[in-house]
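Naming follows writing order (A, B, C, D, E and F), and every chain is counted from residue 1.
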Amino acid sequence: MESSEAYRRGEVIRAEVFGEEGVQRARRLARLDPGLANYIMECVWGGILSRPGLDRKTRELITLASVTSLGQLPEVEQHVNGALNVGATKGEVIECIVQMAVYAGRPACLNAMHAAEKVFRERGLLDGD
Amino acid sequence: MESSEAYRRGEVIRAEVFGEEGVQRARRLARLDPGLANYIMECVWGGILSRPGLDRKTRELITLASVTSLGQLPEVEQHVNGALNVGATKGEVIECIVQMAVYAGRPACLNAMHAAEKVFRERGLLDGD
Amino acid sequence: MESSEAYRRGEVIRAEVFGEEGVQRARRLARLDPGLANYIMECVWGGILSRPGLDRKTRELITLASVTSLGQLPEVEQHVNGALNVGATKGEVIECIVQMAVYAGRPACLNAMHAAEKVFRERGLLDGD
Amino acid sequence: MESSEAYRRGEVIRAEVFGEEGVQRARRLARLDPGLANYIMECVWGGILSRPGLDRKTRELITLASVTSLGQLPEVEQHVNGALNVGATKGEVIECIVQMAVYAGRPACLNAMHAAEKVFRERGLLDGD
Amino acid sequence: MESSEAYRRGEVIRAEVFGEEGVQRARRLARLDPGLANYIMECVWGGILSRPGLDRKTRELITLASVTSLGQLPEVEQHVNGALNVGATKGEVIECIVQMAVYAGRPACLNAMHAAEKVFRERGLLDGD
Amino acid sequence: MESSEAYRRGEVIRAEVFGEEGVQRARRLARLDPGLANYIMECVWGGILSRPGLDRKTRELITLASVTSLGQLPEVEQHVNGALNVGATKGEVIECIVQMAVYAGRPACLNAMHAAEKVFRERGLLDGD
């Protein structure tokens, strides 16, 4: 099944967004449940997330808005990295998370800001650290 | 208090996004609680939502992602209108909501799609209706 | 089972909070599932909600904060009525809901405000209607 | 794309769960976004939901637990019907929803109970109506 | 109060589901708030969760679906253990969590999968570790 | 902008609730995004949270109910401290969290109880530790 066109398209897009770290995460998941790993590559990344109509950066920003609103913190870290990997600036990531204070509440915003701060630090994007 | 610069800036941006319908909603809220209406105009629209760093259309799309994920359906309708008012296409609105099937689940996506369909119909954007 | 002390205590407190309307709701639920209706009367109202340590009004306000945050709108209406029935003022109810804009986001707050407005109107608490 | 084996498998399972009403819903969605309708049939019903390892009835009950917990009420109605269609009894549906009072809270449970009551009535499963 | 029939019934069922670890958790809670510990044993385990109409394994699976959907990770771990303790297989636990990708979104599913993986490892259920 | 009357009012109230620890948190946030830190001080603390109509203790208790219901655990810790700082007793904090078992579910309640227990221990409010 891994040889479908959608699967290969998903692999390319996911690598662009998550880089080598994402490949490791996919391998770990595939050991636990190959079918779920396959679904995520073929149906999610090779399906929904590869549809034309929104550019890669906007897709990562709306994902970041969603996982911030839902309080899914490990995903916030991954998609802060993802957004930066596909061309969003640190400032745009911050704007996206700050705006969630309005719609999802201040706690959801601040928890995501702390997750983003960790990523910024790892990538050397914080001044004076 | 209504005469602050932030308040006036908020009024301009909110009118751009929500149009006349939004003005009516703000008046109704102001009758119930003027302080809350003022906060929303001055701190939300004139504050967070008027920060530079993200364009108006991207801001509406990330808001749409958030309220779709949170299942806030009246807000979905308002921000589908808002996104269309500031230049998003029907196709971009659909992409944003479809992508939420991945992150917030299929029910959150489909409920928002039905709300969006209602707005598309009101604006004459559905074929063959 | 309905004759337990906790059940009778629950009936008294629940009647104080919800009045006759609440009695009707309990009867309707008992027709569908007597055990659930019994649990709610005996364990919830006669148990947790009848513990000393917080006065009735504060209990209704924290419940209102919870159901507003969770977007449980039918419950918002019921507990706006409940809070007013046990001595909260219209102003206190509004403060409680407005504060949720900070913690649960503006959409959760505004949806609850519209539910509260409906209750205020039914009780003749809105000026100029 | 609709001719894939997974698509056809999804159609069969979904028809078993939702019946003719579900076919109408799928057609309406396909008019709005054929790709999303296709994803749901091929990846969701023909993919995840057609995996062996859990029987159809258990799958519908855990779905009902999830949408009750998430407060997704239109889905509650659909999956009460779905659970009954694949062999769950009215009593099992009620047990599933009642149990959610523990994990998702009493409001989530009661809202779902009212949605289930509506379905029971439509199917003639309520005594004395 | 601990000597009620419902309390003793709850103790038996809870011990079956959670084992010795659950007894320790209950004692710790009872030190902080005996009334809450009592409520959970008597009303939850001895009440709602001891109703006939669903077998123990199905009850644990719908609980797992609920806490996965709600993102309650410590509970996910406890109920993965609980489900395994009352006869669910590792495969059935995985199916239950995978299905939540559809209804609660991929992040909720993956976070729960990582929690389950930890339990599988502790119980020696992972190959090649 | 920091010199506005609302900003100064916010600083005073926030210091009363959170103490020195809160000042450190605000400084850290201001380094990451001064505008967000300013918004929180001026619009949230100096705005919504400084409105008359509810006393400080009741405001902290409804906040605690909200963040417990939303599963925002770092906020639970902060507002358990906040509630205690403005005059709530340990018993009142526990009542507030226990009541959430009814409205937001047992997992949300227990997670918050564990966060509160940690704060009680830090403040020397647990017997026999």
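By our rule, a contact is a pair of C-beta atoms (placed from the backbone, for glycine too) under 8 Å apart; a residue touches a chain by one contact, two chains touch by 3 or more.
Quantities reported herein were computed from a predicted structural model and do not represent experimental measurements.
Trainee: Which chains sit in contact with both members of the pair chain C and chain F?
Mentor: Chains in contact with chain C as well as chain F: A, B, D, E.
Trainee: Determine which of the two chain pairs, B-E or A-F, is joined by the larger number of C-beta pairs in contact.
Mentor: Comparing B-E with A-F, the pair joined by more C-beta contacts is A-F.
Trainee: Between 0 and 180 degrees and rounded to the nearest 5, what angle rotates chain D's CA atoms onto those of chain E?
Mentor: Resulting rotation angle: about 180 degrees.
Trainee: Same or different for chain D and chain F, where same means more than half of the interface numbers show up on both copies?
Mentor: The interface of chain D with chain F is built from mostly shared positions.
Trainee: Which chain lies the greatest distance away from chain D when centres are computed from Cα atoms alone?
Mentor: The most remote chain is F.
Trainee: Whole-Å distance, chain B centre to chain D centre, using C-alpha means?
Mentor: 30
Trainee: Just curious, how far off is chain C from chain A if you go by their C-alpha centres, in Å?
Mentor: 40
Trainee: Using mean C-alpha positions as chain centres, tell me how far chain A is from chain D in Å, no decimals.
Mentor: 29
Trainee: What's the distance between the Cα centroids of chain A and chain B, rounded to whole Å?
Mentor: Going by mean C-alpha positions, chain A sits 23 Å from chain B.
Trainee: What residues in chain E touch two or more of the other chains?
Mentor: Only 35-36, 39, 44, 48, 51, 67, 70-72, 75, 94, 98, 101-108 qualify.
Trainee: By the document's touch definition, which label belongs to this structure's chain graph: line, ring, star, complete, or other?
Mentor: Basically all the chains touch each other, so complete.
Trainee: Hey, which residues of chain F end up touching chain C in the complex?
Mentor: 44, 48-49, 51, 53-54, 58-59, 61-70, 72, 75, 91-92, 94-96, 98-104
Trainee: Touching residues of chain A toward chain D in the complex: what are they?
Mentor: Within the complex, chain A contacts chain D at residues 35, 39, 42-43, 47-48, 51.
Trainee: Could you list, by residue number, the parts of chain C that touch chain B in their complex?
Mentor: Those residues of chain C that touch chain B are 71, 94, 98, 101, 105-111, 113, 117, 126, 128.
Trainee: Would you mind writing out the residues of chain D in touch with chain B in their complex?
Mentor: Contact set of chain D toward chain B: 29, 31-33, 35-36, 39-40, 44, 67, 70-72, 74-75.
Trainee: How about chain A: which of its residues touch chain C in the complex?
Mentor: 102-108
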